[in-house]
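Chains: A, B, C and D, in written order; residue numbering restarts at 1 for each.
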Amino acid sequence: MLRGRFSRPLDRAALALSESTAEDRRLIRADLWGSRAHARMLGEVGLLPVPSARRLDRGLAALERAVAAGRFRLDPRLEDVHLNVESELTRRLGEDGERLHTGRSRNDQVATDLLVYLREALLDLEERLGGLVGALLAASTGPAGRASVVGWTHLQPAQRVYVGQILGTHALRFLRDAERLRSIRERLTDCPLGSGALAGSSLPLDRARTAQLLGFARPSPSSLDAVSDRDASVEALAALALFSVHASGLAEELVLGAMPEVGRVRLADPFVTTSSLMPHKRNPDLAELIRAEAAPALGRLTAHLAMLKGLPLAYNRDLQVGKPLLFEGVARAQLVLDVLTPMIATATFLPGRPAAPRPDAETSSVELVDRLVARGVPFRAAHGRVAKFLAGPSVAGRALRALPRDLLSGAFPELGPEELAFPPEEEEAELRTTPGGSSRRAVERLVAEIRRRRGASRRALFAERRRLARWRRALDRPFPPVRRYRSQAHK
Amino acid sequence: MLRGRFSRPLDRAALALSESTAEDRRLIRADLWGSRAHARMLGEVGLLPVPSARRLDRGLAALERAVAAGRFRLDPRLEDVHLNVESELTRRLGEDGERLHTGRSRNDQVATDLLVYLREALLDLEERLGGLVGALLAASTGPAGRASVVGWTHLQPAQRVYVGQILGTHALRFLRDAERLRSIRERLTDCPLGSGALAGSSLPLDRARTAQLLGFARPSPSSLDAVSDRDASVEALAALALFSVHASGLAEELVLGAMPEVGRVRLADPFVTTSSLMPHKRNPDLAELIRAEAAPALGRLTAHLAMLKGLPLAYNRDLQVGKPLLFEGVARAQLVLDVLTPMIATATFLPGRPAAPRPDAETSSVELVDRLVARGVPFRAAHGRVAKFLAGPSVAGRALRALPRDLLSGAFPELGPEELAFPPEEEEAELRTTPGGSSRRAVERLVAEIRRRRGASRRALFAERRRLARWRRALDRPFPPVRRYRSQAHK
Amino acid sequence: MLRGRFSRPLDRAALALSESTAEDRRLIRADLWGSRAHARMLGEVGLLPVPSARRLDRGLAALERAVAAGRFRLDPRLEDVHLNVESELTRRLGEDGERLHTGRSRNDQVATDLLVYLREALLDLEERLGGLVGALLAASTGPAGRASVVGWTHLQPAQRVYVGQILGTHALRFLRDAERLRSIRERLTDCPLGSGALAGSSLPLDRARTAQLLGFARPSPSSLDAVSDRDASVEALAALALFSVHASGLAEELVLGAMPEVGRVRLADPFVTTSSLMPHKRNPDLAELIRAEAAPALGRLTAHLAMLKGLPLAYNRDLQVGKPLLFEGVARAQLVLDVLTPMIATATFLPGRPAAPRPDAETSSVELVDRLVARGVPFRAAHGRVAKFLAGPSVAGRALRALPRDLLSGAFPELGPEELAFPPEEEEAELRTTPGGSSRRAVERLVAEIRRRRGASRRALFAERRRLARWRRALDRPFPPVRRYRSQAHK
Amino acid sequence: MLRGRFSRPLDRAALALSESTAEDRRLIRADLWGSRAHARMLGEVGLLPVPSARRLDRGLAALERAVAAGRFRLDPRLEDVHLNVESELTRRLGEDGERLHTGRSRNDQVATDLLVYLREALLDLEERLGGLVGALLAASTGPAGRASVVGWTHLQPAQRVYVGQILGTHALRFLRDAERLRSIRERLTDCPLGSGALAGSSLPLDRARTAQLLGFARPSPSSLDAVSDRDASVEALAALALFSVHASGLAEELVLGAMPEVGRVRLADPFVTTSSLMPHKRNPDLAELIRAEAAPALGRLTAHLAMLKGLPLAYNRDLQVGKPLLFEGVARAQLVLDVLTPMIATATFLPGRPAAPRPDAETSSVELVDRLVARGVPFRAAHGRVAKFLAGPSVAGRALRALPRDLLSGAFPELGPEELAFPPEEEEAELRTTPGGSSRRAVERLVAEIRRRRGASRRALFAERRRLARWRRALDRPFPPVRRYRSQAHK
């Protein structure tokens, strides 16, 4: 640990509370990338002798390989990833390792690491969300998607809809989640590196150069902000909480649909479990766990916001508490997506156990109202008459379409015979042809819209990955010919 | 209340739990606008006789005037704003009032109302945030902004910075908040109206037309989603929670700065209070309240997400709980802004009570390290030597700049006399000339950047307001010549 | 508003942010009671002339009557309940009104008010919870309670249980909630009054006397704690959040049970609603709202804790944010109880829609395992054999009890004919006779246990109410003969 | 993993989402204890042959030793601690291992494990809290505790108090936390074991016996409740959140007190850190981290409540998400206590940097008011006169005690010379002699009260530990003579 001016070491429990090596392993690749960019810039502007910069760069590249091979473990006694890297580098390179931190503070370093990490994490989540959207669209447009079920409001029978619209609606939500993550990612443009502890540096650092090498658009505009801003973490946790809420809604429908009483879905064996006691059980544990995951997701968001509340400028150590919240949030969302996608892809969607006719399950009731309206009956009056009719004794547990015609025409003399005919229930959804409605045509348009937006997202995602890979490779190029690099930072 | 098929009224306590008239008064303007667009469309497509549509339109316009004049109060026995309006309209117009709800459900209606409300609320908040940013910039660029103070990390003396950079940094955060709200607002493009209860309608509604009349870009693509989606509310609450956290950070600095021990700010009398017991007191209550407001702001976000967790499609009554959370969130943020802006504008910023020199308050320490680095000493070694030197007995509570030159040159023989001279503390911030750093030049650039972005935000905001006002006024134009309007919805 | 040393009034928006009259109306009775105790004590110890104390007392009593009659409204310009009362008293009594605040601060006053308020609120909630427990027990022991249904785990068929056990289990949870509230209430023993702004007083206040007159056991032991401690509010909000979670679980079962597919409950008409569009609808809105209420309940708890986080001693204005959270929490819990209790009392519980036999719905499977175990087959092996048997092709959608005997004895040759007979499904729950299990006898014991504890709670509750009423009335007795009351506070 | 009726394994990602071995290591000791009690009971009632029960018991005891020696690692492929133990036992003992789960489900098993774990965790936390209270009392009663400082309200100078009262007040809060944990622990009386999956068992289990062997008072009264109730976890997380808020308040005072501007505390070197860039820094990182820990603590509570919201009876897999929340909550609280206690014990408390006299820092102002009151001036009038006097020009930055006598007597002619004399500031706290007030005598009483209650807590804690150890050892006694144990469970 870094003790500088102190002669006594940190208290043992204090070290345990303050060290962050367990979570920092998620940052190590970002940290090494950042250090390579910093070292190269130091060499370019002459703050390091070029040979030192070269040695540092090679040493960091060797560490990257060690990390990739699982041969570099963070030592908790060295507190965090930053001191672990500096210490290992110094062990390997001697004095040059001690030059790496020139003009830098852990404050701007960790802020930079977090953004680089988050950018990768968001790209990864966008891609996985695209996979889930794809699985939902596939199910939506397959034969099961073309079957109709009773649509629920308040979990009560409302009107019939196609399974494809239900699945497409979930796809739409996850697509929005992906777009939301993308828009967060596209605002990660300002590089904190070079902001020092809080106030920048009096060394001629070239911040534009490190920003560029790390794939950012520009250096951040205020050092006080750069070292303490955690907006991006909060935005990501908020978007992930909302995603997890969407996932929990879909999971709830899977849990309900898998009830034998409901019978709308059969999850494939690799996604159900049995009981340690009851051998007959077929439990949708995975769907339950996905439903539950929304709870810690919102807990993490709450925790991060509560941690930030009331913090004065600039860096405060409280910020450390945010790191594991972010990392855990990303990792759990990845896991949820990795389960949900094949669970959907392998599930069998069924039309549901047929319900006995009941007056409060009469999904055609609005048709009757609308036909009265077409005959000039004011809507509210028509609604009232149908309500009373359905609740009345003459219906007695029969569906509208099964009622004797004269019973209907007695109650609704305005309507002619063709207006008293109701389509078979599996064609009911077809009647509602408004855009966005339940008809097959409308569902096809929904699917087309999702496909279009999903395609655009994927193209943007891959373009960004290529861009970043280019900058990443730029660091492997030999140093430019030695020159007094003309710093753009200090004119 | 709407009892339709039931012969018995809702239980009294049940009505108290379920009615929403107190919060719905925030929706009434949006609700009336939505109803006017709906009625006009019904007339245009021939679902209402044109004279009926005209009477409805005039009746709704009269209600708008009654609302504006404070002459229309919502009756809790009528549950919500929607039934209150329909009931009052029917009282005034008779049968035509009963036609208003044709092809509509409260589910798509409230979803539409919420988006119209939110769009206005976001515009309003963006404008108020612009006002706060302006106040901070004004203070930042005034004489007090040009003074320097000891910058803190961990609330300990770190390096000197200008007050202008501190205030500019807060301005930058609030500017980001405004930009975040704007980006939420710009995604409010899809109009739910016409989605019915969950599945659209078999009537030839023209959803594109109502979307247009309400200032949206298009009808929403899935009715199941439209009636149950509350993403926009969550996004707004998340952005407001983050704003409130930013406000709490600034408030904390005002509270700390107002301590006599610290002496960095004097709040104007209209923003301080006294004690009911202690007559000498001058308390920063308003800053404390703003600090505290972040807590309910995050509580509201948490509550909204928890409410949504695990809800199946489509509409569930749980959603009602989200309305007061959103309305309260907006109203409290408005209030915080209304206080914070003049509080900043009238505050006096001071350079702080001078601290006695202490080794752990030596804000020039990094300069000494950097000069050693410039002489080739590896950074970590230089850092260690300065640390030991400052903690050692020879410094003894004197500032670096006050130490005898030979003491310094004895400890740091690499450095020449000019490298052992330290600028007066009020010029120290000037040394850190990196972009985004503490120098005056860097602060000026920061201010210029904020000004530019704030200007762009304002222009966009006013353009959007003009656009919406145009559509609002479109409803006051006479109906188009009677024709069988050719519905675009059902081809 | 109290401006003391300031010549300028509080800023208008600042007043709007800081005034608390809307929520303070919940405190007014507690505040007046506290003021009467304080005034009497001041008279007793000679800090007020006895005639002044008497006039104050009578003035406060008159205000109590005005409040009861709805004739005293709090004026927001006077900030809070405390200044409203003092101001009104001064208007009525002149100079004596100005004497009321002697030796007191709003800090100890509001802390006292909160505890007095909370004590009443907890008693009230305990009583209402007792009512709900009673309604559940009544349903549990009625004929519907003696019917059996398929018990769920993971919402999948597990084993059959009596409806009475389900309802009794919910009763048990609410009983625990009541006991939890009671234990919070019983720790409200320390009276903050007399703690001043933060440090007590140099006047000879008799804190033991005011504590006694307000029904507390003793004065609080540290003034710094007394004015800033909000533990009781947090404890109450936590207990109410847990209650609301219990209520949400019961509500979820009502929502699920009311699905036609499930058919386990029919809510009475006064607790269901219909749709503005779909006339057939019978929606369990109230159950949904109760399910949803858990979300703001946990949001309030979160908000209160986040507000307290990081507050230094002693009083900070942030604490004000806690008041509406507490009041709202109490009021919403009351409302939930007022709806849930009659909703349960009027609901019809049904045995559920019979499910078609399916291998994964075989609620007798454990019986078969246990009989194999009784024959010496190791449990895990028995479990495995039954699992494979049920999932195998020979069962083919038939219930165990409907299988040909020789099919069973072929698969389980260890078992004799009587061991291969399964009771009819409505008697299955009777088999599990372990204490706490599903048999009728066990359910009766559960009910008896709940009755016993509920009775004890009620007796304690009424005893406490009588005790408090006695002290309340003590204030209406004439002042003791004038004497220099010997303060017990300052020896 | 347990696949029973399924021929295909669980999906790989599904296993990763559902397995809980990482957190379950905290349960292993409780799980083994529970299994030993269960096996012994099975032997006693004749459900297992006594030799099998003995072998199981010895096998479990051997596993306990393996765990203690760190030689037993949980395999994630076996999902959880329960299946890991059963599998290992079966590997070692063969068929007898397969008998262990007789009459038991993981549902009652994990519920039991959680309570046994929690009981230990609470005892441990109570003890550590006692340690912190002791450290605060020691500092409170030492020489530093007898010094006085300016007490703050709103972080503004209010009245002087002794450091001992401040520290004693924090001790009082942590003592309440310990008492709160104890009261949660004392309600952990009902043993879930024997509740089966949800409905008990038809085997003649003796639940009273396992309850006894595990140190509980009785079996739980409803199996449906026992397997799904997580009240105790929520209560513990709520109490820990409140503790963490108390710790954050103390931490905030340490952070503020360590500011050179304030100068009230110097933390010992093992509890401060330096900066990677600024060699002069002496940062209170540990105090900041403790301040921040309140945020995840409340996040965990929020998450647990949100997870439980809306869950129907009985067991649902969502409950698994609660385990790591609880374990993490306990572990972080332990760590906070392990740091805070020695940090307090080694800190140096100082009287604070003397402030220049300012009218708004006049801590004697109430004395002047009270003396006017004693002369018959109504309190509010006296308050107003002193307020105006202090804010007026004649005081001009002088302390009351430093003002010329005639200036005072001119303004306050009612007061005689002795009433216009103010004690030196270090004796001011002595004036407020009300119980609980700032005088030394009052502080001594506070300390005595805390000592008394802390002693009682410690005695109860150790008594409980002895009681549990006795039952723990009871399992090591040889089995009772073989007999058909007369089950008390089924009469």
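Quick notes on this structure:
Methods note: a residue touches a chain if its C-beta (ideal position, glycine included) is under 8 Å from a C-beta of that chain, and two chains touch if they have at least 3 such contacts.
Because the structure is predicted, anything quoted here is derived from the model rather than measured.
Taking the definition of touch as given, a chain qualifies here only if it contacts chain B and chain C alike; those chains are A, D.
Looking at which of A-D and B-D shares more C-beta pairs in contact, the answer is the pair A-D. A straight line joining the Cα centres of chain C and chain D is 23 Å long. A straight line joining the Cα centres of chain B and chain D is 36 Å long.
Taking each chain's centre as the average of its CA atoms, chain A and chain D sit 34 Å apart. Among all residues of chain B, those that touch two or more other chains are 4-6, 101, 107, 153-155, 158-159, 196-197, 256, 274-283, 285, 288, 291, 294-295, 298, 301-302, 305-306, 309-310, 316-317, 359, 366, 383-384, 387, 390. Note for the complex: chain B touches chain A at residues 4-6, 47, 86, 90, 95-103, 107, 151-155, 158-161, 165-166, 168-169, 172-173, 176, 180, 183, 194-203, 205, 207-208, 219-227, 229, 231, 234-235, 238, 241-242, 245, 248-249, 251-253, 256, 291, 294-295, 298, 301-302, 305-306, 308-317, 359, 366-367, 370, 373-374, 378-381, 383-384, 387-388, 390-391, 429, 431-439, 442, 445-446, 449-450, 489-490.
Contact residues on chain B toward chain C in their complex (touch as defined above): 2-11, 13-14, 16-18, 82-83, 101, 104-107, 196-197, 269-283, 285-286, 288-296, 298-304, 306-307, 316-321, 325, 335-336, 338-339, 342-343. Residues 153-159, 255-256, 258-262, 274-285, 288, 302, 305-306, 309-310, 352-353, 355-356, 358-363, 365-366, 369, 383-384, 386-387, 390 of chain A are the ones that touch chain C when the two sit in their complex.
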